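Labels run A, B, C and D following the written order; every chain starts at residue 1.
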Amino acid sequence: MSHEAHPQVGHVVPLSTLFAVLGTLLVMTFVTVAVSWFDFGRFNLWIALGIAVFKASLVLLFFMHLKYDKPMNAIVIIISMALVMLFIAITLTDTAQYEPERIPGYAPSIKTNPK
Amino acid sequence: MLSSFIGTGPGFWLPRQGSTTAAGVDYLFNAVTAISIFFFVLITVVLLYFVWKYRARPGHEAKASAVHNQKLEITWTVIPLMIVVWIFWEGFTGFLNLQMPPENAYEVQVLGQKWKWLFTYPNGVVDDNLHVPPDEPIRLVMTSQDVIHSLYVPDFRIKRDAVPGRYEREWFQAEEPGEYQIFCAEYCGTSHSAMLSKVIVHRSRAEFEKWLADAGNFLDKLPPEKLWEGGQKLYNQRGCKQCHSVDGVAGIGPTFKGIWGHKQALKDGSQATVDENYVRESILNPQAKIVAGFEPVMPTYQGRLKDKEITAIIAYLKTLE
Amino acid sequence: MTPKDHYLNHTSGFASWAFTLDHKRIGVMYLVATLGSFLLGGLAALAVRTELISRGPTIMDADTYNKMFTLHGAVMVFLFIIPSIPAALGNFVLPLMLGAKDVAFPRLNLMSFWLWVIGALFCIGAVISGGVDTGWTFYTPYSTTTNTNVIATTLGVFILGFSSIFTGLNFIVTIHKLRPLGMTWFKMPLFLWSLYGTALIQVLATPVLGITLLLLIAERALGIGIFDPALGGDPVLFQHFFWFYSHPAVYIMILPAMGIISEVISIHSRKHIFGYRFIALSSIAIAAFGFLVWGHHMFVSGQSGMANAIFSALTFSVAIPSAIKVFNWLATLYKGNIHLTTAMIYALMFIITFGIGGLTGLHLGALAVDVHLHDTYFVVAHFHYVMFGGTVIALLAGLHHWWPKMFGVMIDERLGRIAAFFIFVGFNTTFFTQFVMGSHGMPRRYYDYLPQFTVYHRISTIGSYVMAAGFFLIAYYLLRSLFRGQAAPMNPYGGNSLEWHTASPPPFDNFTTTPKAEDPYDYDRLVPDEVNGGYRSLTYEGVGTR
Amino acid sequence: MSHEATPHLQHHFETPEQQFDAGKLGIWLFLATEILLFGGLFCAYAIYRANHPEIFLYAHQFLDKVLGGTNTVILLCSSLTMAWAVRASQLGQRKLLITLLSLTLLGGFGFMGIKYVEYKAKWEHGLLPGTHFAPHEEAANDSPPGEGVKPPAHGKRPSNVQIFFGIYFLMTGLHGIHVLAGMGAITWILVRSARGEFGPDYFTPVDFVGLYWHLVDLIWIFLFPLLYLVS
């Protein structure tokens, strides 16, 4: 039967694409471990996060078919990630502001803290 | 009556104004109340008028009218927007006033605990009421020993949580000598509603200084046979009372009534006689001997009670036959 | 008139209900369950008010009182208000309004209901085995140190959260994928817009509550101290986590209520809704803004001054879409033909009571004023005007509005109006008093109070009894209508959204003829039905409706 | 299209496309809730990391980069086999589908096995969260490490190191639970594919379980550098 008879078949991702993605992911994993041996100061975290975001995007786009999917599904994921970032950004801004008011090392029930 | 209802005078809304910042807060409260009443009356009158005018009755039918009107929508978007921007700005600037104590403020340390406030003055005096001189900015540096409490003085329009593990600040400047109620405003358990103290605003700086000096050495002034009265005061002020009754009813801890010289059954099955050493150890190292039937929840008073003060408490215990 | 075969009698027996995939039956089960919870929470409220009728111990000790207000708050929030309108009325009405046979995932819908039951059992089990005394907010470190049943309760709430997530997920997909041909987004009834906004919050906010409660359970069970200062944690961080969900949750409660009001006001005044797009988009705006304002619960909690300022500014932004809705409802009444049915009375009552709730929100949003009013009875009164004066009143409006559709019977309008009067008077007596006493500094969650507050507490308690009388009257005539009620016509009030174009009660798969989506607020093609009562639609003239 | 021709079509959907799209949107919404669930933990991480970097700098040294990296590779490979499995089911390659699902499942077992080794090492050295934190001497000082535990390269132990282990166990623990759930789901579709239920006409469950499995991978992609590679 023709393609219309298989309404279920969405986009079939070519094997070459899948393997290319895996290859990139493995390389990036190696890179992220490798850069952790060097010190880039305050950029360490952002480099690590940048690589993680790049890897995550590859998984989302190709393994999870978002590239070929209805845009709504991508919007759902983008909104959820944006909300997480909003939550972290605001909470972090606030806690960083009031951190000086907290008593350093305060934890009376923790017996193992250095004196 | 009406004027007090819409908030132009004291009475219907809000308590008396006891601090320098109270009037500013009240001004905004009253302004927002007036705005609210205006819109509420507007909405209600229009609503009731429409309901009466267009009520279903024989011969009356709905008449077509526009189902949207851009200008109208924009009007009733923009006008409320301008009003709330104004309210925000007033609230924000007023809040900055409430937040920032003047440089020269007199500092009192505040400790919240279940279920009392302790105020520590620069000379080490601890009291469960907040004594302050008049017309002088007072800065409170607050923390808590157990759960979150919140120090609230309605007459001063101030409130701030006392959070364990951290120092919070609030300030005020009292205007009139007198007594002002302190509440705990953050729910903290069984006796939350009994966690009451007073702000006592003295008549002058000199009177306050005298009180402070007297409070610093009140035990020294007592003759030995009256030492138990000092112990009773410490019992009331330093947090013993919250858990240990003197009427024979067990609370969170055992009652003090009639225990002096008697044997207590301990949790580990042994016994202990209530004497000087036992009481001293129980105050300084409360977890050492736990009376059967009670939880090991008492905090240590090591460094918080002077030796003489413990002696006074022991003297008080002896009186509780 | 009443069809012989409808969803209520299509099949029978316990299993036919317990394992039903029919959204209407699930809606009815949710209705029974949430109203049962409302009864439980209401009795707890009466106990609290009775305790406060005089100073000192009245009918219970302080610990019991603390457990009682926790019970009231937790049951009302998690078991009643959050699921009440979306899961009960929404489940019943949403597919009907779409002209669909069911929600997108009927099995998930059933699972959502049973998760609710399991969550409720955990919570009620925790109450029976000694109760919990943290308040519904579970603030640390109180909740990590109290020796009451925190773990069982939070586990219950965690499960209830997933029930809520699945309802929301179902509704979003249903609205996206099951709209009939011709029903574009801007031709949907406004109730669906509000349910859509609600569902967005349910899906996007509730998981954060889930992780918050898991962390709290980890603190208690495993001693992991993220929030407990005694373990090095930060209790203010807990409040961020908690309110990131619980503030948007307020809009889970109020948005669907606003949707009901849009429906009821338009239909019962026989007038096209005014400013459709503004009302629809304001629902989405409220849902979106709702995520940005959680810190206004923390103005005196130790949140930084900068965060306070940001949250205060954002808080006021929510006032605008709410105001837009109120003005549009008023404009809808203009030149209408207003039928003061019980449903309509509640809708009008909503505008007044919700109006007070919204306006007093201005006091609380203003930073300097909130410092004084925070955690006083002013706040208690404010959120009761929103939650009760808003959500519960709207639920009553919706219940009376759709009752004929749900059960095929009319209610006793005369008793309905009497009960509405009791509720209006009782509610305002109870809670307006609390504004005044709060402004004088009466803190909330107090077992005892100073003498100057006695008169307010006494008036408030008396008001609560009047309100309770109103509810018992409602329960009486609603239950009676099920057995003796006059049979309802298909379209008793003349609505034009699709649920009114099927039988009352609807058949098992909702429609016998494929409904046509037209403007849901256009009443021109509806004429009184001389034969059957109610209204009939000229659109379906000659089409085989039953 | 009549329902007889499409046995998997439920009565309230008009067409299989509508049903498939609805399901797909549903599963993506579910994944969004999972992201937000983990989002809370990432938030807790971000706050303690930003305000107390010394805790993270010190404590991460007790995590084994080699084991963590191996687990990353395992999960990435299992993601590939899962994506390939979806392709196989779309193309009706039944035997290949069964093989690939089995490989994916094997990846899950490998991941959990290594996780077990890591947890066991933490347990043995008292590197536990909160009140259970009781580091053994070699972990507390600079003396030679036990197996799987690297010696701290620098620094005295700061206060509240137990918070790092709290966050570590919560994040990896919740992730581990998700791996287990994913393995359960894979087993379920493995059984169904062995029965020959999937083909070009109907592969929805394979697709959806695949999406879930990729999400589990996705979260690990962030967990690995954040917990193991602090510098």
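What we mean here is this: contacts are C-beta pairs under 8 Å (C-beta built on N, C-alpha and C of every residue); 3 or more make two chains touch, one makes a residue touch a chain.
On a predicted model such as this, the values are computed, not experimentally measured, just so you know.
Distance from the centre of chain A peaks at B, each centre being the average of the chain's Cα atoms. Two chain pairs, B-C and C-D, are weighed by contacting C-beta pairs, with B-C ahead. Averaging C-alpha coordinates per chain places the centre of chain B 34 Å away from that of chain C. Work out the mean CA point of chain A and of chain C, and you get 36 Å between them.
Mean C-alpha position of chain A lies 45 Å from that of chain B. Counting partner chains per residue, chain B has residues 164-166, 168 touching two or more of them. Shown for chain A are the residues that touch two or more other chains, namely 72, 79-80, 83, 87, 91, 95, 98, 101-102, 105-107, 109-110, 113. For chain D, residues that reach two or more other chains under the stated contact definition are 21, 25, 29, 32-33, 35-36, 39-40, 43, 47, 130-131, 159-160, 162. Every pair of chains meeting the contact definition is listed here: A-B, A-C, A-D, B-C, C-D.
Listed in rising order, the residues of chain A touching chain B in the complex are 98, 101-103, 106-107.
Those residues of chain C that touch chain B in the complex are listed here as 62-63, 66, 133, 135, 139, 141-142, 145-146, 229-230, 234-236, 269-278, 300-302, 305, 308-309, 312-313, 316-317, 319-320, 323-324, 326-328, 330-331, 333-340, 348, 351-352, 355-356, 359-360, 362-363, 365-372, 374-376, 436, 439-441, 443-450, 521, 523.
On chain A, the positions that touch chain D within their shared complex are 6-10, 12-13, 15, 18-19, 21-22, 25-26, 29, 32-33, 36, 39, 44, 48-49, 51-52, 55-56, 59-60, 62-64, 69-70, 72-73, 76-77, 79-81, 83-84, 87-88, 91-92, 95-96, 99, 104-105, 107, 109-110, 112-114. Across the interface of their complex, chain C is touched by residues 12-15, 24-25, 28-29, 32-33, 35-36, 39-40, 43-44, 46-47, 50-51, 54-56, 60-69, 72-73, 76-77, 80-81, 84-85, 87-88, 90-99, 146-148, 150, 152, 154-155, 157-161, 163-166, 168, 181, 183-194 of chain B.
Considering their complex, residues 143, 164-168 of chain B touch chain A.
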